[in-house]
Each structure stands twice: as structure tokens, then as C-alpha cells.
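Shared between the two complexes below is subunit A, which pairs with subunit B and subunit C, respectively.
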Partner chain A sequence: MAASTAAVPPLLLPSRKRNLFPYAWLVPALLFLIVGILIPVIYTVYISGTNYDQSHLYDFHWVGLRNYGYAFSTDPYTGYMQGYLWLFGWTMVFATGCTIVNICAGGALALLVNNPRLPGRTLFRAFLILPWAVPFSITVVAWRGVLNTDFGAINSILSSLGLGRPDWLNDPNLVKLVLIVVNGWFSFPYFMVLILSVLQAIPADLYEVAEIDGAGAWARFRHITIPSIRPALAPLVVVQFAFQFNNAGFVYALAGGQPPSLDITGRAESDILSSYLWAQVRNSENYAQMGALAVLIFVLVLAISVVNIRLTGAFKEVK
Partner chain B sequence: MARVSSANTRDASKEVMQGPIFRSERRLRPDQRRNITITWVTMLFVTLLTLFPIFWIVSTSLNQGDSFATGFLPDKYTFSHYADVLQHTDFLIWVRNTLFVGGVTGVLEVSVIILTAYAFSRFRFAGRRWGLMALLALQLFPAVIFISADFFVVNTISENWFPIADNWIGLIAIYVGTSIPFNTWLFKGYIDTLPYDLEESAYIDGASRFVAFWQVIMPLCRPMMAFIFINGFLATANDYLISSVIITDPSRKTFSMGLFDFALGNFTTNWTDFAAAAVMGSVPWVLVFLIAQRWFVSGLAGGAVKG
Partner chain C sequence: MKKTLMALAVAALLVVPSVSVGNVQATSSHAATTITVWEDFPDAALPQMQALANKWAAANGDTVKFVSTSQPGMGGGSQSVTGLLQLKAKNPDAADLAYTTEDSVGTLVLSGIVAPRPASLLSASDIAKYTPSAIGATYVNGVAYSVPQVVDGTALYYNKKYVATAPTTWTQLMSMAKTAKTNGAKYGFLFYITGGIYYTYWAFSAYGGYVFGTKAGKPDTTDIGLANAGSVQAVNFLKSLTTLVPPTTDYNAADSNFSAGNTAMTINGPWQLAAYQKALGSNLGVAPIPALNGKAVSTFIGVRVWVVNNFSKNQAAAWSLAKYLSQNGQAISGTYEGRLPSYKTVAGWSLSPLQVGFAKAFSNGTPMPNIPEMSTVWTPMNNAINLVVQGHATTQTALKAAVQQIKAAIAKQHEG
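So, the complex of A and B:
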């Protein structure tokens, strides 16, 4: 079999006999995708049309689109619309803010570390990668300690300077700022490392020639560095936005579902859509309504990502 | 600090000799010297800020009592929290569970994803483009938003057929399944960059497709395999959202579930015990990561550039 195809690149011309051969390689992945994604997706859609919740764990039944009706209703007792709009607004701000902060911080540090004349650049690089290397579950709890209102290190410093003790994690506005900034701490090393390796692939001659031609530092950055890293960055931006849009693990672990808001049941001011969904499932067993919310998040992420892909021109070269 | 800076200068001089970006000027003009100084001070400041929370954990783990140090350093040093954690908590059970679940997840991810990525990179078949687009769409949806359904499925199966709650099989299947879309893209991009000639010469020597894959492609993919294993392990070890819905039995808790119980579970956070557990849990891991990362970063960048 192999001998007959040896001379032609066998990847391009699977013979008639081997038509099913490529699919065989995909079978294991398909099995895991079915169990890990497809079945949960189907059941999410199914549950969103039932009244499966805390009080109907065994005797739930089909209710049609009622949960979606609640989601878009502003009725003070059953409606979720008002709370969902706040959640959506903050989710967009959070995802946008994190994407910008993470990529800019990572990119800026990559540029600084990339300077071959910088003394100790390998040491800086090794230290700066630590937020990525130390398990998230540890450092996120450490951040809760550092930000603690009464005993946290940040407030110890601030109060000794006479600046008071801000309630970082319980103030509805401060907690949002803290989430974006601390998210930057967690994510910049990944982007620093990635952008650094892209920067190192730019031929040094380009800069040399540009400098001889009289291009200043800004012009070299603008016309050589940016165009060189742009193709690699575009998909990262799209993926990063979608990731942060649903980064419930980070939001819930850092803010812990605080501070409470007053509009819909269980919404915290820090919550993004997915962390609200998770907390409602975990703490209130509000399955059916959250199934409907999951479907709405699904649609939102897909729509936003299509827009992002268009805007950034990522994944154009799918081949 | 003095030792650090002397090592730095050695480093720098070595690199300058090897070939700076601007080969035409080996000696620094005064304005360049000033720029370097500013950069160096900025980097030092950023690095110290970055390391602070990590420093804080170590410092807290050595502090007496169960709350953290009021200043930067422990008021009184003690190692008793380390002994405490080992003797009075399920720390070792968490570590064992995490090694098992994370290890199995990582190995499964690597073996499933390399096959899929190879097929998408090297074969042309009907539905290939659609498959790639479907993976691109699927990777936008993390497992967390399907948590209702996960709970429902686990509950229904346990209720009607056999007990699956507290079972790791379902958890591992969710981890592996949700990791496939993004990693397949990354890995496919990486295999795309490998020259085809190498495989071709294997075919000319009479190797079958699978032998060529095993003996030619696999060895070249080691950096990417390392990255996917480490990422899969890390994601499993860090996951709290999914595992805490499926796993309730304390003897099946993983490391992050145990740690979050310290921090989120109740009102009396035992910070020093948490910190001691954190240090013990992360030191071996960080060493592995730092050694491996130099190696997988090149592969990661290769895959990412291709998109």
C-alpha cells in the first residue's frame, strides 16, 4: 500500500480504497467531543425547555419557551432582563479590558525583555513567567489575602501612608477594577512569552537597514515590529476575548460572588454572565433557567466572535 | 542583589559579543546607555511587583498563628504549618488525586489531539474545512456554561442506572473533550510547519503511513506534546468549577478543590495552613514548568503564528 503511493505526496491524493482512512484518525477525538461537548450541549438545550430545578428534580416537565420568556422579561418577580443586561454590560467591559490589558502588558514587557543590551534579561524573563508557572488555584487565593481589607498587604501599605483602607473586593466599582488588573497579572506572561518568540523571529537586518535609512525608534516600531507581530496576534485576540468572556473560574475565585446586587436573585456586582450562571447552578440549583442563559451566552459568544474575526482578519488563511 | 547584577553584566556582555540587533554599533552612545538604565529600572520595578503575591505566600506560610504577617516578613518564623497540613488535612490525598486525574487527562489529550491534528494537517478529505471551522466555533464555549447539563446527566445516570457521581471518568471525558478544539488548531498549525520531505523519504523507504507518523512526525512534535500535556495537567489541577459540581466525596477532592475550601469554604480562613499547602504543592510543579517551558515555547509560537 505504501509502496504504491510513495512517489506522490500521499496526503493530497487518498486513493479510492483508502477513502475512509483519514476519518479513522478522527474517531478518538469524536468520541471525546460527543461525551464532553455534544451531549452537554444537547442536554443544555433540552433542560432550557423544562422546569428542572431545585423543587422539580424528579418530576420536571416540558414548559416550552417559558424560561426564555423570563430571561427577556422585566417583571419584578419572574423577569431576569434587567440583571442580565447589567451582567452582559460588565462581561463585555471585563472581556475587552482584559484582552487589551493582557496583550498590551505582555507585548510591552516582551519588547523590553527583547532588548539584547538589557542586563539580566534572562533572569527577568524567568521571574516574570512565574504567574503563569505557579498554579492559578494557589495564586488567586493569595490575591484574596493580599487584597484583604483589614489585614491585606496592600491596605497595610496604604494605611501607613494615610490613604485609608479601600474595600477592594466588596466595593461594587473597585472590585471591577481589581478583577481586570489582577487578571492582567495572571495572563501577561503567556502573551509576553508568545510575543517574545515572534519578535525574535523578525530578521535583525530589517531594523538595521531601517536605521541606516534614518528611521527613528518609533518609526521602526510602527513599520517593522507591529506589522510583523500582527498576523500572530490577530487569532490570539479573538481567542482571548472569547476566553475572558467566559472566565467564570477567575471571577468567582477572586471575588467569591461578592458584593451582592439588588436586582435579580443571586447576582453579585462582580459577576460576569458565566460566573453568575455557575453560582446559580451550584448554590441555587436553578438549572432550567440557567440552561436558557447558557444558550443565550452561546449565541452571544458566537456573534461577537464572528465580528471579532472579521475585524481582526484572524483565521483568514484556513486551509 | 549584588550577585544578581554581576551575573547580569556577564550575561549582557556575552550576548553583545554573540550579536546584538544593531551589529554596526557595539559601543553604546550616551543616550542609549540612558535608555538601557531606564528600561532596567522599569523591569526591576515590574518584576518586584509581579513577584509580590508569590513572596507573600511564602512569607505567610512561615508566620506563627493562623493569620498572615502584618508586615512583609513573618513576625515569628515557624515551620509548624507544614507539619500541620501534612498531618491534619487531606493534602496528600489531594495531591495523589490530582496527579492521577491530571496525568490521565494529559496523556489522553496528547494522544487524541496529535492524531486529529495530523489528519487535519496531512490528509485532504471531504468535510475537512467544515471540521476545522466547527472546531474553531466549539473552542469558544468552555465547559462551565454547560454545567446544568453536566449535573443533569450525572444525576440522571446515577438515579436510573449506576452511580456515576464522584466518578472520575465523566470528569476526565469533559476535560479532554473541551480541550480538543483549541489544541487541535494549535497542533495542526505546528504540524503544518514541518517539512513534508522527511515523511516522503520514509515512504520511499517503504514505511507505512503509521510508521512514518510514529517514527518521523512524533519525535518532531515533542515540544508541542509537552505543551499540551502540561497545559492539560495544569487545567485539571486548577479546575474548581466543574470538579466541584461532579465530585462531592472528600476523599476524591483534587488540589484546587482542597485549596478553595480553605479560602471560600467558610468564614475562618486558615491562611497559614493554606500558604504552607500552596508552597508544598507548587514548588515541584514550578520547577517542572520552568524546565519544560524553554522547550515548548518554541513549538507554541510556531503553532500560534500559523494560527
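So, the complex of A and C:
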């Protein structure tokens, strides 16, 4: 008979007692989400069904799924499928390559800097943070200067050694290599710091016990270091891959839409999907077709991320 | 609750009066207006044109505001007047009048950004004062959309310190360039080789390449001659010039080296005449680009025109200003802008001896087609020429791909 009202959850109480205060705190964030994200997305999907471009700036109209049709067609004059496939291929290679290079470089340097017997450890750590600390937009221009074929520092050294002057930013293959390497230069400090903090959390006695038991350096690395880093790395890999997949700013800032391809899409050999999209919108005002491409990229990244997350178990609850 | 109601009431009181005041319009027949002009005049010409415009303004009771497209906030130096019109024509602070190139008027017409020229603006005698090619360039598909100001194109500048008389053939030019280098010039010949087809059309014309063929006196956009045998030979010739000209030479490198006296010869336009005269003084010479393949070459000539923003509320005043600047500014443009007047003759003024060199060069020039389809030609051809000259593609492949890109872009323009 001692039925207690204390067991009734608060939400089932009469509604006039429900507190609206927490919802008021959410309003600014919700406003930002709607105005800054939801409305632009809806607008993008809307214009992807119109013919809004340089020849129809003020009088565009609805054309249905025509732009999506072009995205999947191989017509010699209106078929962009081939160009988009090339872009997609290079974007995957770029994202994968960057993820591998960044994490391995960061990890390797973290391991080196973590060594307690390394002289001047703090000095190394300070210098190695620099690429992360410098302002990106200025540094990338400096890199363009260094990589300049006729006047850059790298080619001055190479030509004085008799190795010629490679066309770093204008050769279709070299520019791809340069993009991954320079991206590594910008990105490794972040991973170095992250992995270093994880490494420092590994108890030292694990290593001591292993050494006593006779495990060599490689065995210690394989069985202690790697499993300790893995849970932290898995979500990093997913996030880094998605980030590099859409890293239009870096690609366009360094390669500048060069060298041009022979494609009717107007892409550059250095372009990833998102940098191509940005260049087309900014330089050619090709809004409608790029709206369609943006929707397709979104679907693609969503699919890849879901696969990634499932495969690596990155966001599984730690039991 | 009460507090929120109070706040809302105060806000409403503040907003409502300002809205109703804004609805009160001036009803005089000619309220003093400000005409905004977007332009990209060279530094020497701007104050002169402003002074001329102020004369018109004083007579009309209006004010004229010149906005240079190299101003910050206007998109930076690389934002062309055309680009600005495309992006901002509907803005409340957009220009009423703009100074742009006639070949870009075609694309502006497609988007309804420029207004047709009123039939009453220029009488038959007004029109007769312009050269036929200048006034002809104001018509897009038979309708006039602009008022001409000046004519420009490219020709050969040479430094008399290294080159006594201008070469008349390219073979002569190449050997003069080599001699100039032994005489102390850093570069025998340097020009904006990455500038695309505008700076290299002369080569195409010499070998039989062309942009659009003609059918019944009008440009035929289905007949593109940019990948024919002549064009291939032309681009191969350009590639052979890389023994003299580094393949990545941009405008600044060519321009600054000639100004500094490092280059014996360059190709550039009359807009740089004042700057080069200042830099080289009496050592400056101007001549037509030498003959190639046994033929006199033909460069692209363009006409700079005034267009009126179709969304402007001051169109009549803008047209009046355009007519005034064009009719009264011929001598000013000729002297300070360096470009050639679009008038057949300008009373009380004549071409300087160097400008005569340009006039000779332009007498054989090809006016750029100002149809909308012309805007699709630049980027593909620029890319193709750069790819070949820098050794990343073969001529045939690159030009064929460029023509395909042009056709694709034209198809997109036409499909509506």
C-alpha cells in the first residue's frame, strides 16, 4: 500500500510543471544549425535541379534531374562521368595517402621524441610543432615559392647538383606527389602530439616486465605499443580520411588548379572532388552542376564513413 | 512575461517609423543622382577621365563616382569589371555604367545584365564618326548594347638600345634576339607566352587557324578552326619559341623585365605605352608583330566600351554620361590611356609616333567576335597552349580536347 509517487518519472507529471529553461539554452545553437547548415544544404539541393550558371545568372529555372543525368553520362559534350571518376579516384588516393603518411609520420616522430634518452627532447618537440603552429595561408604561399620550377629554392639546389629542374607544380604526376608530401609537412605535428600523449600514458612497468621476460624491441613495440595506441588511432583514421577527402582549401591553395586536364569537366590534374567544385563555383559560376556534384559527394562521403566506422569499430563503446 | 512584452513593444515602436519614412519618395522630375562607374583605367588616365566626367556632372546637376576594380572590397585587382557585373549587378550599390571589353558583352547579354542602347542615343552622324569596326563591335546579334571608347590589341615593343630597327619577319626576330643577348640584353625576346590565345592569335592567323568560321556574314559557332592543321602548326611554332622564352613566363615577368631594360623585344598592348615611355624614353619603339609563314600576321583587336547596368535606376543618365565620355574623351583616352581612339579622326589631336606603330598593327587586326559563345573559347585554349608549350601534352591531343571543351560549353550555353 506504500505506493510511492517518488517512483513516477518527472516527465509524466502535469505538463505545466515541465521546465522549458533547458530548451531556451539550445536556441542559439539550433539557430546556427538551421541558418548556417540546414538552409544552405536545402538551397544547394534546390539549385542542383535548376540551370543556374554563368549564362543564366538572373533568370534560371527548374530543370529537374538534368544535372544528375550529366554527372552519370558519357556523352562527348555533356557527359561528365569520366571526369568525375578521375576526380574520385585521385581523391581516394589522396585521402588514403595523406592518412597513411600523416599518421605514420606523426607516430614515428612521437616514438622518437618519446625516448627518454634523447638529448634535447623538449627542443625537438618545440621545433616539430612549428608546422602546425604557422598560419596556413601564408605558409602555403611560401611552399609555392619554394616549389617554383624556375625560381624556387628546391630546383636551385637540384639544378646546381646537375639533377635538372622538375616541374613540381605543373607536371600531372609530380603535383600529386607534392600534394601528399606537403600535406604531411602540415599535418604530422598534430598526430605527433596526439600519439605522444597516448604513448606517455602507457605505464613504464609494462615495458620493464616485457624486457625482463626477454621480449626484444620489436616484440615490445608490437605487443605493447601498438595495442595501446590502436583504440585512439581508429577514430583518428576515420576522421582524418574524411577530412582529407574534402580538403579543398589545401589542394587549391598549393596547386592552384594546375595543370589543366584535357577533360570537358574543366578539372585540373591536381584537383580533388571538393577543390574542383570550389574552383568551378568561384571561377566559372557553374552553380547548378556543382550543386549536383555536392549532393553526390555528400552521399559518397557518408557511404565511405559508414563503411570505415563499421570496419574499424572506431566508435564502438569500450566494454 | 510582462518584461518580454515591454521589450517587444519598444522594438516595434523603433522599427515601424523607420519603415514608413523609407516609403516617402522624392517626386521631382530630376532628383540629383549619383552615377556609379566601374572601370579599370590605367593610373595615368583615371584623373583625366574623372575630370571629364565631372564636367558632365556639373552640367547635369548629378555626381559621378568612379570605382576602380582594383580597390579592396571590389574583388581585388584580378576581378574584372565583367566579373563584378555578373556577381553584383543587382546589388543596390552596383554600378550604373561600366567600362568593359566588347567581347565580354555577349555573355552579359545572355544573363540580361546590360541594357540595349537606346535608338535615339547616337544619331547617324554620331555613328559615322566612329571607325566601322569599333561601332560594329557594339552590336550583339544585331542589337546595340554599348558605346565604344577605344581600340586596343597587341604589337611588338622593342628597345632601340639592343634592336636598331624592328624585325619584319620572325626569322629576323629570332636572330636579332640572339644578337641582342650577346650585346648585353638579359632576354632577347620575352612575352606573356602563358597568356593564352589573346597574346598568341597572331601565330594562328599566319598558318590558317581561326576561331569561328563565317556563314552568311555572321560567325558560325559550329565551325571552330582551333584544331585544324594551321592551328597545330601555330602552336608548334609557339613551342619552338621556348628556346628564347621560358615556358612559364607570366605577364609580370615579361612586363617588368621590359620596363627594367632587360629585354630587347616584347609583345604587349597600348595600355602599357605610357609606362614603357617613362621607363625607356627615346629608346622605345613600336611596330607590327613580324610576318610569319610568309604572311603578315593579324592580332586580336578589341574595343573597350561603356555598358549600362540593366538593373540600374539611372539608365538614361548613365547613357548620357557614356555618350559624353565617348564623344569628348577620345583625345584624353588616346593620350593618357594609350589605347587608340575609336573615332576615325579626332579634332585637334593626332596619334603620337609610337601610336602610329599600333595603328599600323591594328589596321590588319581581327576584331574579337563578341558573340556570347566567344567567352567559352578563352580557358580551354589557354590551357591547351600552356600544356603544349610546357611539354605536358602533344599539340594534336591538346587542341582537339580544347575544341571539344569549347563545343561542350557552347552546348551548355544554348540549351537554356
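Just so it is clear, the second predicted complex is superposed on the first by the 290 of 319 C-alpha atoms of A that agree within 3 Å, B and C clash if a C-alpha of one lies under 4 Å from a C-alpha of the other, contacts with A are read in each partner's own complex, and residues count from 1 in each chain.
To be clear about the criterion, contacts are C-beta pairs under 8 Å (C-beta built on N, C-alpha and C of every residue); 3 or more make two chains touch, one makes a residue touch a chain.
These numbers were taken from a predicted model, which means no experiment stands behind them.
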A:Leu302 touches, of subunit B and subunit C: first, second, both or neither? first
Which superposed partner A:Trp90 touches (first subunit B, second subunit C, both, neither): neither
Partner with the higher number of touched subunit A residues, subunit C or subunit B: B
Contacts of A:Pro76 with subunit B and subunit C, given as first, second, both or neither: second
Which superposed partner A:Asp171 touches (first subunit B, second subunit C, both, neither): second
Contacts of A:Ile47 with subunit B and subunit C, given as first, second, both or neither: first
Subunit B versus subunit C as contact partner of A:Val146, first or second or both or neither: first
Touching partner for A:Pro259 - first (subunit B), second (subunit C), both, neither: second
Touching both subunit C and subunit B, counted on subunit A across the two superposed complexes: 57-58
Residue numbers on subunit A that touch subunit B, as the complex places them: 1-3, 5-7, 9-14, 19, 21-23, 25-26, 28-29, 32-37, 39-44, 46-47, 52, 57-58, 109, 112-113, 115-124, 126-139, 141-146, 148, 151, 153, 156, 185, 193-194, 197-198, 201, 204, 207-208, 211-212, 231-232, 234-236, 239, 242-243, 246, 248-249, 252-253, 256, 274, 277-278, 281-282, 287-288, 290-291, 294, 297-298, 301-302, 305, 314-315, 317-318
Subunit A residues within the subunit C interface of the complex: 51, 53-59, 76-78, 149-150, 167, 170-172, 259-260, 262-264, 266, 284-285
Subunit C residues touching subunit A - in the complex, by the definition given at the top: 86-87, 89-90, 107, 110-113, 246, 248, 372, 375, 379, 383, 386-387, 390, 392-393, 397-398, 401-402, 404-405, 407-408, 411-413, 415-416
Interface residues, subunit B side, partner subunit A - complex: 4-5, 7-9, 11-12, 15-16, 19-24, 28, 32, 36, 39-40, 42-43, 46-47, 50-54, 56-57, 60, 67-68, 70-72, 108, 111-113, 115-116, 118-119, 122-125, 128-129, 131-133, 136-153, 155, 159, 170, 173-178, 180-182, 184, 196, 200, 203-204, 206-209, 234, 237-241, 244-245, 255-256, 259-260, 262-264, 271, 274-275, 278, 281-282, 285-286, 289-290, 293, 297-298, 300-301, 304-305, 307
